Amino acid sequence: MDKEAIKTLLVSLQNGQIGVDEALNKLKHLPYEDIEFAKIDHHRQLRGGIAEVIFGEGKKTEDAIEIARRIYNMSGRVLITRASKEIYDGLHIDGARYYPTSRLIEAGEGRKKIGRIVVVSAGTADIPVSEEAAVTASFLSSSVETLYDVGVAGLHRLLSNVGVFEGANVVIVAAGMEGALPSVVGSLIDKPIIAVPTSVGYGTSLGGLTPLFAMLNSCVPGIAVMNIDNGFGAGCLAHKINILAVHD
Amino acid sequence: MDKEAIKTLLVSLQNGQIGVDEALNKLKHLPYEDIEFAKIDHHRQLRGGIAEVIFGEGKKTEDAIEIARRIYNMSGRVLITRASKEIYDGLHIDGARYYPTSRLIEAGEGRKKIGRIVVVSAGTADIPVSEEAAVTASFLSSSVETLYDVGVAGLHRLLSNVGVFEGANVVIVAAGMEGALPSVVGSLIDKPIIAVPTSVGYGTSLGGLTPLFAMLNSCVPGIAVMNIDNGFGAGCLAHKINILAVHD
Amino acid sequence: MDKEAIKTLLVSLQNGQIGVDEALNKLKHLPYEDIEFAKIDHHRQLRGGIAEVIFGEGKKTEDAIEIARRIYNMSGRVLITRASKEIYDGLHIDGARYYPTSRLIEAGEGRKKIGRIVVVSAGTADIPVSEEAAVTASFLSSSVETLYDVGVAGLHRLLSNVGVFEGANVVIVAAGMEGALPSVVGSLIDKPIIAVPTSVGYGTSLGGLTPLFAMLNSCVPGIAVMNIDNGFGAGCLAHKINILAVHD
Amino acid sequence: MDKEAIKTLLVSLQNGQIGVDEALNKLKHLPYEDIEFAKIDHHRQLRGGIAEVIFGEGKKTEDAIEIARRIYNMSGRVLITRASKEIYDGLHIDGARYYPTSRLIEAGEGRKKIGRIVVVSAGTADIPVSEEAAVTASFLSSSVETLYDVGVAGLHRLLSNVGVFEGANVVIVAAGMEGALPSVVGSLIDKPIIAVPTSVGYGTSLGGLTPLFAMLNSCVPGIAVMNIDNGFGAGCLAHKINILAVHD
Amino acid sequence: MDKEAIKTLLVSLQNGQIGVDEALNKLKHLPYEDIEFAKIDHHRQLRGGIAEVIFGEGKKTEDAIEIARRIYNMSGRVLITRASKEIYDGLHIDGARYYPTSRLIEAGEGRKKIGRIVVVSAGTADIPVSEEAAVTASFLSSSVETLYDVGVAGLHRLLSNVGVFEGANVVIVAAGMEGALPSVVGSLIDKPIIAVPTSVGYGTSLGGLTPLFAMLNSCVPGIAVMNIDNGFGAGCLAHKINILAVHD
Amino acid sequence: MDKEAIKTLLVSLQNGQIGVDEALNKLKHLPYEDIEFAKIDHHRQLRGGIAEVIFGEGKKTEDAIEIARRIYNMSGRVLITRASKEIYDGLHIDGARYYPTSRLIEAGEGRKKIGRIVVVSAGTADIPVSEEAAVTASFLSSSVETLYDVGVAGLHRLLSNVGVFEGANVVIVAAGMEGALPSVVGSLIDKPIIAVPTSVGYGTSLGGLTPLFAMLNSCVPGIAVMNIDNGFGAGCLAHKINILAVHD
Amino acid sequence: MDKEAIKTLLVSLQNGQIGVDEALNKLKHLPYEDIEFAKIDHHRQLRGGIAEVIFGEGKKTEDAIEIARRIYNMSGRVLITRASKEIYDGLHIDGARYYPTSRLIEAGEGRKKIGRIVVVSAGTADIPVSEEAAVTASFLSSSVETLYDVGVAGLHRLLSNVGVFEGANVVIVAAGMEGALPSVVGSLIDKPIIAVPTSVGYGTSLGGLTPLFAMLNSCVPGIAVMNIDNGFGAGCLAHKINILAVHD
Amino acid sequence: MDKEAIKTLLVSLQNGQIGVDEALNKLKHLPYEDIEFAKIDHHRQLRGGIAEVIFGEGKKTEDAIEIARRIYNMSGRVLITRASKEIYDGLHIDGARYYPTSRLIEAGEGRKKIGRIVVVSAGTADIPVSEEAAVTASFLSSSVETLYDVGVAGLHRLLSNVGVFEGANVVIVAAGMEGALPSVVGSLIDKPIIAVPTSVGYGTSLGGLTPLFAMLNSCVPGIAVMNIDNGFGAGCLAHKINILAVHD
């Protein structure tokens, strides 16, 4: 459309209907986005569809449902994070799935899963955040495997499952309390690690600030850190890294 | 070596020199590392040599020089981060280079550079951290391009250089003060972004905590965040991601 | 009245009813406010009526209603911020309007709107604070235009609407999370910008402290910053600036 | 130049040297800035020259001098904030002035001063920040008056000088310690107030965070708050507001 | 009683029933408190009865009632702070009074009030804390006058009521938000001032930490500061100071 | 079992069914834990059964019950911390006890109590945490005595009970507010002291951070500090220390 | 003087030289302070001369000397807090005393000491702050006794010196680290206590915030708390309380 | 001596020189400490001599030397922590040893070492704190073994040295950065663990607060935590625990 507007303008110039100065002036006042759109369009969308995800928290039930339906109708699939059961009950999309632990709603046909992401969690209380990461990455078409409850207090459980990391392009590690697990995983493998601090804990866990700061200070160099409880962000980043390994 | 020790033990058993119980007992008391080494050895080293890097801060000059020489003699190359000029002056390795801005010392022959990493910085004061990231990734064998002083206050400078991101597998963005640049870069490209908050600023920049928290809260999903001023970590992570795109 | 008291005293002196010492003594013991009032009275009120605004939060419903009615009866108009629906239901003033999103109640005839204020918000979740600012400034007689949901993650939306700033005397920008929008707006226009951090976000948004600190550290010089979620304050300041441009 | 490039392209189309599709294609690939520049150029610069100001802190002496000279040669004037005496000594610009208290260097002919800004400081220790604000606003061509050492502990000094606010379009108030002065000034006048917290104090002044938070919580609605010790920002904002009152 | 035990022991020694060594040994093993009691007993109780006060918060209703009744039966009076209406309803003491604003229950006959304490509050929202201070000091037998809603935003109200401070031995000032009122009162009078920060405010008032820190940093030397919302402590301290002026 | 797997493998080698290389290879791929288990097994369990404790908070009622029953069936005893009454009601284990104050459920036959631990609390509000510590240590088989409500404000109560510490191997001190009690106890006895800060208090007690920091800064050297409200941890540590004194 | 100006005005009115309206108008425009001065003059100065004290920190040596000399010449005495030896060396006032520990300079004849203040310190490192308090109160004419190094770790030293408190009107307690001493002193005496947290300590003493918060949370009701290291403020407040007990 | 004073008094009573009432009265006014001393004397000193340790930081060189000599002369041994080389140079005690890394001075003949304490450190930068702990515990007569540089990033180094823990009664673990090592050690052994956070790190290590909080939140129950860099405290506590295992 906008491209058409520019084309029409150029044709008018070609036809002599307008002069160069007038054309130049009109170009300046065309809506900004149109020109810019032509140039960076292919940069703006993640392959796999982050645009198809809705952040459900704080949205009214009916608004979330309305937005989800529009996206679903347009693209055939939708993911809602931090979603209530009420949204799910009102959504009425065939085959939609609700994950009560991570409060996710997923609808639409799955895509072919590619690559390999491993999601590790320290304690059972970290599973909601881990599952948010896992389902998000899977929705975006990454193949995901999970390994839960392998925290540092029971180090042998992690060490005896070290084989799960084989073939992984990237590993997500969710942990609350002292947030030590990403460092330990980082001492075992050499692939990119995404650490997600969780708000699991009390007192000086400071709502997750303590594992966050611990992860940022890991003695293992180069661990990527997310905001507290941000499983969704971890899933997005893991997918972006995973597809690099597959496609390029 | 340790593998040999186990083999010798097994041969003794095969030869009847020792019995099953004695073999079992000896296996239990072998140095732990040896057995574990056989299993996870290939996981423990980053391709490209993070083991060849020394963290110079807080080390005495003579200690840093001694450690650096040993590594250089063993592997033919070494990188020292947060290094003083004194270390460089005492190092006496032919062809060693000192980067005064980022306080890095690099020695040894360069490796073939692969892939493509772009390092962006908001202000000129963020260049030391950016350079630490860039030299680190390059030392690890990644191909790196830099784009400095394109902060949000002069948005047009960033927008007119958007072409530099083409072909990049991963982008490092260093910024202090309000730490807004990673979000803006993230609105323009879809590759993994590594945000490095810097301690540039005063008052409520809180020594870099403010850009750190801002980056963790980016409205662009999936930005990887590093500790304050941790250019080295950013370079390591970027390299790990970059080689995924190249090798796999 | 108080002016009259002083005048009466001076007349008594003039008439010889009292002597100079007695007059001096009485002057000293007159209520302080009266004398001071004569001097700074014209400084104390904002043109347009901040005295007609009630802060509803924490007030009992019946108290808020009673105060609102008194103000309305005296001045013909009233604005209640952070007001509950219960206050509105009990107010019984003809033509009163309730804004559920920003929890404002406005009553009384509107005044002629003057000048031009633009209110911009980053995300839909920032709209309550933005609306509080917009309705406040409008109530105070400023002409207000709004532009919502133009956050940094979709930079093109802001850039394609840059025309809205034309003619504005002052721009209010409300944003939560990383609080980057005021810097980006500040790179586009040269009028005074009022930044309002919102408590939108989780984890390290620290209830709005992160966008607050980010805004105070903007690389764009001279951005005015408000307390977290303080849309009312932003509306007041914007109005004060706007009328400067109109009246003087 | 870039405008010329577009013009040349349009002339080629007009002349039939290229077709519409080719013109359209070339337009898409022109440097972004050029097109964008034509549209938002007039937004990007503050009237009065914020572009002519250098932030001296952290810059090497020789770099600061070099940049300052370039700006001076281009525009005939320059202001350096947080500048050392060394920079001044090496600058060698006739008529340059050094302000040791506020560490400012100002060079070039003064502009006609317009409007009226009043800068108030609580204690003598707040004068460096106040002076930074005053000289900045004056450099930008605002007429500035100062009133120092009128803190809350000696309330009568402020009250007996209330006349100084007459005719002011905007008032800057710098205060450390408990940061109460902006509220008191705000109870006396109705013009926009810009509060600058200073790092003056010890213990729980927390390096200026306490007056900052106090100012953000002022019971006087609509006070604009700056970062700690940010006299420069206050001067910029005050000037932006002051010229609104004069020009429009 | 314990005094009697020692006396009995000494009599036994005097009578020759026991020897010196046995007496010495028994003295060593007497309960510690008894000896210490004789010495510091008169130090341990505040004149006027802080021992007759119960902190109601967190106590179960039935426990609070039981403790209150015991104290009342023993001493004829009792004060319960942070008390629920349920406690009051179950207390069944004739003439007991419930203060819903400050959540206090007072029972027993009043004592003669002595001296003069003035309690000042900044806003109406600070009245609960102010009333807690006023009722506490009055219960302890101090004469108390209150002056509410004289915050800094309406400075004239405070200045026109400055006469209330005449004759006061000590002044309590309760304020939330920016906590500026104690400094302003301190610039007007020279008697001891007790500042009580309240949790009134939002955002950067940080639940009362901001007025607390502001009061600790007052430019008026020697202001006594209490914990946030601690009206009870302020009442106790004010009473201790007030009786010094009366009795000694 | 795993030991058996290795033995079987060695026998196969001895029998010539497999060769040395095959044996070596299989050893490498045996589950990690098995080998490691043989070596550090005896390190992994506390004598007395921390493995028999469940952290109830955040667990669903049915899950907590299920886990508790399994543990009880296996070991004949179980302790659930931070447990709801609902869990207790659904547990149906004969002789199980519920402690409403500390929200603990204990089931199974008691063990012989050994050594001596004293648990001291400052105020009545600290009793829930103290009881959690006391019951935990007792469950682990330590002999425990408690001394409650001996805070610093009534120093004589503590001094007159100093005899209780006689024979104690370790003392747990729980205190909120200013957290001074561990220092005072530490000035009286020379046995290891474990300080547990509680969240009792308001305002600047900062949810227990203030007593925590105070305890970490005790002028008595060598006090062990726990996380806020972590009575369970204190009980575990006290038991570990207590059994050292008894067994070794 | 100002009183004279008003008198002259009133005489002019009495003489018929001016009319009532003119008199009224001139009254309005007289310097504010003059009128206000007549009313609150006697409130503004502390008996004993806080106006004769200079805060030396941050002042240039020559400025501090100049101000000190003026005050000394006018009033015959001066106290400089946080003063360097350089100031003392340049002051040249006969009989001036320098206290290197507390960095105070005192000059002029001493006044008659009245009442009784006791200053207690926890450790030897708290003596500088204690001495600042003691010398300040003494300078203001209070009789002061000190008791140093009686911290909680050696409780018996405090208990064996409890007699020193006899006859004291007010007690100042300076302590760093865990700040427990004021609570312990408060359990022994019933006079007003002024607690001064010091910055003595490391790690989680947080530069004195920990003892500050501990003191604000004392379980002894009604302890007055000062800013960190603010011995001067403690001395002022103690003197204000002490003279109440003496004069009234 | 004091015991003698009481004995004399009792003899006087026995002899009839004084009566019971006079004896009773004199007992009340005897120095407090004397009586109290008789009762709790044996509680007040740690076996092994913490009274023989001086905290050197902040003490003037000559004072530290003087105190150290007195202690040495009285007890034949002394330990000075955080001591400068200047103190050592001026001490002139034969056989005194200076530890430059941990800044300790130890003088006097060593005692027989008993029990077994293991001190573990994560990185080489944590050695100063570790050494302070080790030398302190050794000075107090505990047998100490150290294991340095076994941080989580090289997990295999710790795992291959797990044998060192055998026979230890207590383990001290010093770590900075993310502070994960105590949790990992705690997953391997069941003896009391004392965690010492160090200030090693930058950015969000927050001067050691991050490892401190991480250690307090360890998923391994019952880890004792010390203040940041408090190796001395760790040594004291470890010794107290160690001697329990040996003596009792």
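A, B, C, D, E, F, G and H label the chains in the order they appear, each numbered from 1.
The working rule: contacts are C-beta pairs under 8 Å (C-beta built on N, C-alpha and C of every residue); 3 or more make two chains touch, one makes a residue touch a chain.
Since we're looking at a predicted model, the values are computed, not measured.
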Topological distance between subunit D and subunit H, in contact steps: 2
Most distant chain from subunit A by Cα centroid: G
Listed pair (D-G, C-G or D-E) duplicating the B-D contact set, over half by residue number: D-G
Subunit E and subunit G, separation of their C-alpha mean positions in angstrom: 24
Chain centre separation in whole Å, for subunit E relative to subunit B (CA means): 59
Distance from the mean Cα position of subunit F to that of subunit C, given in whole angstrom: 55
Length of the line joining the C-alpha centres of subunit B and subunit H, rounded to whole Å: 39
Multi-partner residues of subunit C (at least 2 other chains): 32, 36, 39-40, 44, 156, 162, 187-188, 203-204, 209, 212, 216-217, 227, 230
Which chain pairs touch, all of them: A-B, A-C, A-D, A-F, A-H, B-C, B-D, B-F, B-H, C-D, C-E, C-G, D-E, D-G, E-F, E-G, E-H, F-G, F-H, G-H
Subunit G - residues contacting subunit H, complex: 124-125, 156-157, 159-160, 162, 200, 202-204
Subunit D residues touching subunit E - in the complex, by the definition given at the top: 122-123, 151-156, 177-180, 183-184, 186-188, 201, 203-206, 209-220
Subunit C residues touching subunit D - in the complex, by the definition given at the top: 36, 39-40, 43-47, 50, 53, 162, 165, 169-170, 187-192, 194, 212, 216-217, 221-227, 230, 232-237, 239-241, 244-246, 248
Touching residues (chain side subunit H, partner subunit G) in the complex: 31-34, 36-37, 40, 44, 57-59, 197, 199, 207-209, 212, 227-230
Subunit G - residues contacting subunit C, complex: 3, 6-7, 10-11, 13-14, 16, 19-20, 23-24, 27-29, 32, 35-36, 38-39
